[in-house]
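Please go over the structures that come below.
Same chain, two partners: chain A is paired with chain B first, then with chain C.
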Partner chain A sequence: MLEQQLIQLIFLLLLILGGLWLSIGYSLLRRRYRVKRKKQLKEQVIQYVSINYTKSLPISKFVVPHWLQGYIKKSRDLRDVANIIINIKDFFITDRDTWSFLFATDVTVAKELKADIKSNNWYKKSRAIWISYELDIDQNLDLIAKLNSHKHILVRREAQIALVRFLGWKSLRILPYVKFPISLWQQIRIVEKLHQYYPKFDDTFFKKAIQAESPSSRELCLRIIRRFHVQNYNWYAIQELFSEHKYVANMALELLDELSFDEDDLKLLGQHYQAYKLRANNVVLDQKLTPLLQANN
Partner chain B sequence: MNSSTVLIVLEDIIANVLKNFVEASGKDCTIATTFDEVEQLIAANNYQLVVTELSVDGIFTNEYIDFLHQKLPEAKLIVVTQMEHQNVKDDIEQLGIEEYITLPVDIRTLKDKIFKYV
Partner chain C sequence: MLNQIGHNWWDYFFLVYGIALFMWYFSFILLAILAIRKNKKRVGFLNVKDIKKAIDLPSISLIAPAYNEGKTIVTNVRSLLSIQYPYYELIIVNDGSKDDSLQQLIDDFELSTVPLYKGNENIDCKEVVGIYKSQNPKYSNLTVIDKVNGGRADAINTGISYAKTKLILCTDADCIIEQDALLKMVRPYLEQLDKEVIACGGAIGIANDSKIKNGTLSELRLPKSIIARIQVVEYIRSFLLGRMAWTQIDGLLLVSGAFGLYPTKRVLEVGGLDKNTVGEDLELCIRLRAHMERQKIPYDVVYIPETLCWTEAPSTAKIYAVQRDRWARGLWETMKKHRYLFFNPKYRSMGLVFFPYWIFFELCAPIVEFLGLIILVIYISLGWINLPFAIYLFIAVYLIGCIFSTISILLYTISFRHYAKPKILIQLLIAAYVEPFINHPIMVFAEIKGYFKKIFKIKSSWGNMTRKGFTSK
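On to the complex of A and B.
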């Protein structure tokens, strides 16, 4: 009896082992196929770029080659194609005249991305948004704009960055309506994207942004003031210096050293400070503000 | 030691695209993506021009530039980088390079700079 049970157990273990070996073998073969396919794709794209650059054809006349369409249609390959094009665009200034073939590719990619943006899968959604703004594909912007307060953090993060990338300062209009906190990392990404693509400060939309009430949006506004060396919002920085939210107040405190105050600013600072002292005590703030206010008395 | 014209030390896709452009003009061109590859190539070949990323896997930037100067004293160096900071640019230029190019770069500008030295 015991012998039979042992034989059955050994047989079962051998079966599991065989299954494991088969799955390892399959994944190794699959991996080998993927590596080979990726290598082929790279080589073909390199040739494609080298041959087509400077042909200066209008995008409408450029036909995406059959082999590349084949890659674009598969979600996993599309990511590889996007990575290659992003690499090229990060390195070379790709204007639409001499690099029209890359933009023609984008038109085809846009159709594929639309399905992923509409998908219920958060990973597909966020990846499609990421590819859209990295490749400057703005055809799906309406769909992306609706996702800026999506329940999944990665989807809304990518959607917010996409809005900044495509709309620039205009995208800050959404700040008062953002439902979820904006993380520190996300704030830095927004500021840097804004600075990279829209380096000229735009007061029209910033005025709307500072109406935001959420602490993280206000912290973001302070970061924008610092990054763009904005001069006429000292009153905002002074007001936030006494915010009841620690991170907002700390950000305003960091900003303090970089601002130059005129008489009116100092008067406002003094008033806020007096009112603040009645309700709270902050040693760091005292050390910073007392000498500043005394020097200007 | 063999004599070659251009050594490109960049990420492989960009390096290959650039290699095709350089070779289309009849110039000899080799690519490397890591410091180990650079060491091996330089041991066997002499180059007139090195187009390289500022940060290369396997070595610190200053040591890398010094290494290139020592092993290829006659070669011209073109450095490309994402770093735009003026102080970084000043520091690297003091190490003795011909061109410091921040990315993204217009390919015509890059080609002009390459063909200025070869």
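On to the complex of A and C.
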């Protein structure tokens, strides 16, 4: 009886094994098809871009070709097209830093993206936001802006980056209102995107950003000061040096080496330091500040 | 029905143990699938290109101990120096090599001695004989420390004590590391918010007989030796199913010694690697976790499923047995040292689930299997066995094993491109199906030998791991 059951089990297991072999075969074929299709798409996109890029037509004159329309109507293919364009961006050296001529005129893409941004699926949302800022499609900016404090970390991260990409320094206005902590990864991305697309420091909006109270936003402000070599915010760095949040204080300490202080700064530093010593003791801070203050006495 | 299965209580014990083990493995598959799906979706938004030029990345010390690696040391150091990461220092610790490793390094990298200075005194390690830095600005991030021989853990501890960075990456001088490995490994540290990352491990691949060009893997091939080829399947199964599954439930207790990234501060707090065990990687990870549990600080141990480090696997039965003997001793020593964790509610899931799993199904599995074999032989000689039933049972168990291995290979094929050719996949599947008859018996024998040495206190060292070395083509 039991032997019979075991034989049945063996057949079932063999069936499962056979199913797995078929799945491996299918996954190989699927991969081969996808690779071939991607290669074909890449060639078509490169050819299209290289032909049209040399034409100095106004954006409104560009019409997305029929074959490309077919691709961008499918969400997955649209991601592939976006990936290809992002990858080839670096190889076309030109004074035009935007690729919107490919898509800006076509409402289909923005429409597709809008539907995904509104979707309840976090992955679709984040991917649509990513495509929007990588391809300079800003038609859905209002929708994206609302997602900067979304409960899903990847959605809000992509939304924040999109705001930085589209609005530049102006996007920093939201820092005092950001509800969730900003990870170091995200801080680095924000700083690097600003540096890449908006290399000129803008005091107007930074003034608003430094009003943020959350430790990670303050840490981000310190990173901006460092990346853009901003000199007129020494007082902010000095103030954060004595922050009760160790990450903020550590960041300010790292920044210290890169700032040059005038007499007023040193006076302020001395005052803060004296007040701090009354309530806490920090050996690393002592080692760093004592020689600096003594040398300037 | 049960009457047909066994005569004694131990028959039921083996049955229950076997079922429990299969249930665990089945859960691993489900958890690993969830973890792989989650990782695949997330990784699309974690492009290392975004941070490549950043100035805010944490600095990393890459610590590679070397003992008698003269054959390949120069090529490997060149490979380690070409990694893409803006802020890293490479510390090669020459652990009292008897060959000309040090002289080769001095000649090739224009090294000269710098005045001896003491490293961090929190870590105890053997005497340092010399510290070397390069005269050539091209190699300014290279430091070679020459020390008295003290074993791998001691050599890594020496490196840690001289590291000046926020993170340390422990590896081996004979490993080939992917160019963007550090950028990928550092990601969890940049992403941490409410939990502190205390260790991050990456998948390790086997590169025997592959093509190496300029210190990087240019063409991945399957090993020619069947012993090494079977280990490819073993690694895929262990890394993709085992570790991904544990990651999904925050239960990872092991970060491989060949490729693990740790915060320097935490490693110094626990006093570095334990020199008294040959399983120093597992021991460090468990000690770090226990340390964080005691401090009540939320923490995370992260595993990155991409293969970022390539190594040479033992290609003969003898060397394979030596390696598994050592791993078994390391496991025994670590479990014994941390036995206070066993069902200890103070350590939450780690004490109640993860550590007991390691005791029951990692430490005890070879013992149960070995005892099962003895009982089988006794039963056959006493004529107590229903032979057709035993054969059917064996076939069923064998097929279940084959299914687990095939699922691992399928998941690997879907997730990664390394073994995506039909011919290679067929070879891998065949290797998986012959594993129970070739590598597995050797492994069980080596593990029992390792435990025997521990029980009877037979002194044994690291074991001689002769390697062919990667050859550049």
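The criterion applied here is as follows: the second predicted complex is superposed on the first by the 276 of 297 C-alpha atoms of A that agree within 3 Å, B and C clash if a C-alpha of one lies under 4 Å from a C-alpha of the other, contacts with A are read in each partner's own complex, and residues count from 1 in each chain.
Just so we're on the same page, a residue touches a chain if its C-beta (ideal position, glycine included) is under 8 Å from a C-beta of that chain, and two chains touch if they have at least 3 such contacts.
Quick caveat, the model's predicted, so the values are computed rather than measured.
Asks: For the overlaid complexes, name the partner, chain B or chain C, with more touching residues on chain A.
Replies: C
Asks: For A:V191, using the defined touch cut-off, is the partner it touches chain B, chain C, both, or neither? Pick first, second, both or neither.
Replies: In the superposed model, A:V191 contacts chain C only, not chain B.
Asks: Touching A:K125, do we find chain B (first), chain C (second), both, or neither?
Replies: Neither: A:K125 stays clear of chain B and chain C.
Asks: Of the partners chain B and chain C, which touch A:L9 in the superposed model: first, second, both, neither?
Replies: second
Asks: Touch check for A:L17: first (chain B), second (chain C), both, or neither?
Replies: A:L17 sits against chain C, while chain B stays out of touch.
Asks: Just chain B (first), just chain C (second), both, or neither: which does A:I88 touch?
Replies: Once the two structures are laid over each other on A, A:I88 reaches chain B alone.
Asks: So, A:K42: does it touch chain B (first), chain C (second), both, or neither?
Replies: first
Asks: Which chain A residues qualify as touching chain C in the complex?
Replies: Those in contact with chain C are residues 1-3, 6-7, 9-10, 13-14, 16-17, 20-21, 23-25, 27-28, 31, 123, 126-127, 130, 154, 157-158, 181, 183-185, 187-189, 191-192, 223, 226-227.
Asks: Hey, which residues of chain B end up touching chain A in the complex?
Replies: It is residues 10-14, 16-17, 20-21, 24, 80, 82, 103-107, 110 of chain B that touch chain A.
Asks: Write out the stretch or stretches of chain C touching chain A in their complex.
Replies: 1, 4-5, 41-42, 44-46, 50-51, 53-57, 187, 189-193, 388-389, 392-393, 395-396, 399-400, 402-403, 406-407, 409-410, 413-414, 417, 420, 422, 425, 429
Asks: Okay, in this complex, where on chain A does chain B touch?
Replies: Chain A reaches chain B through residues 42, 45-47, 49-50, 53, 84, 87-94, 98.
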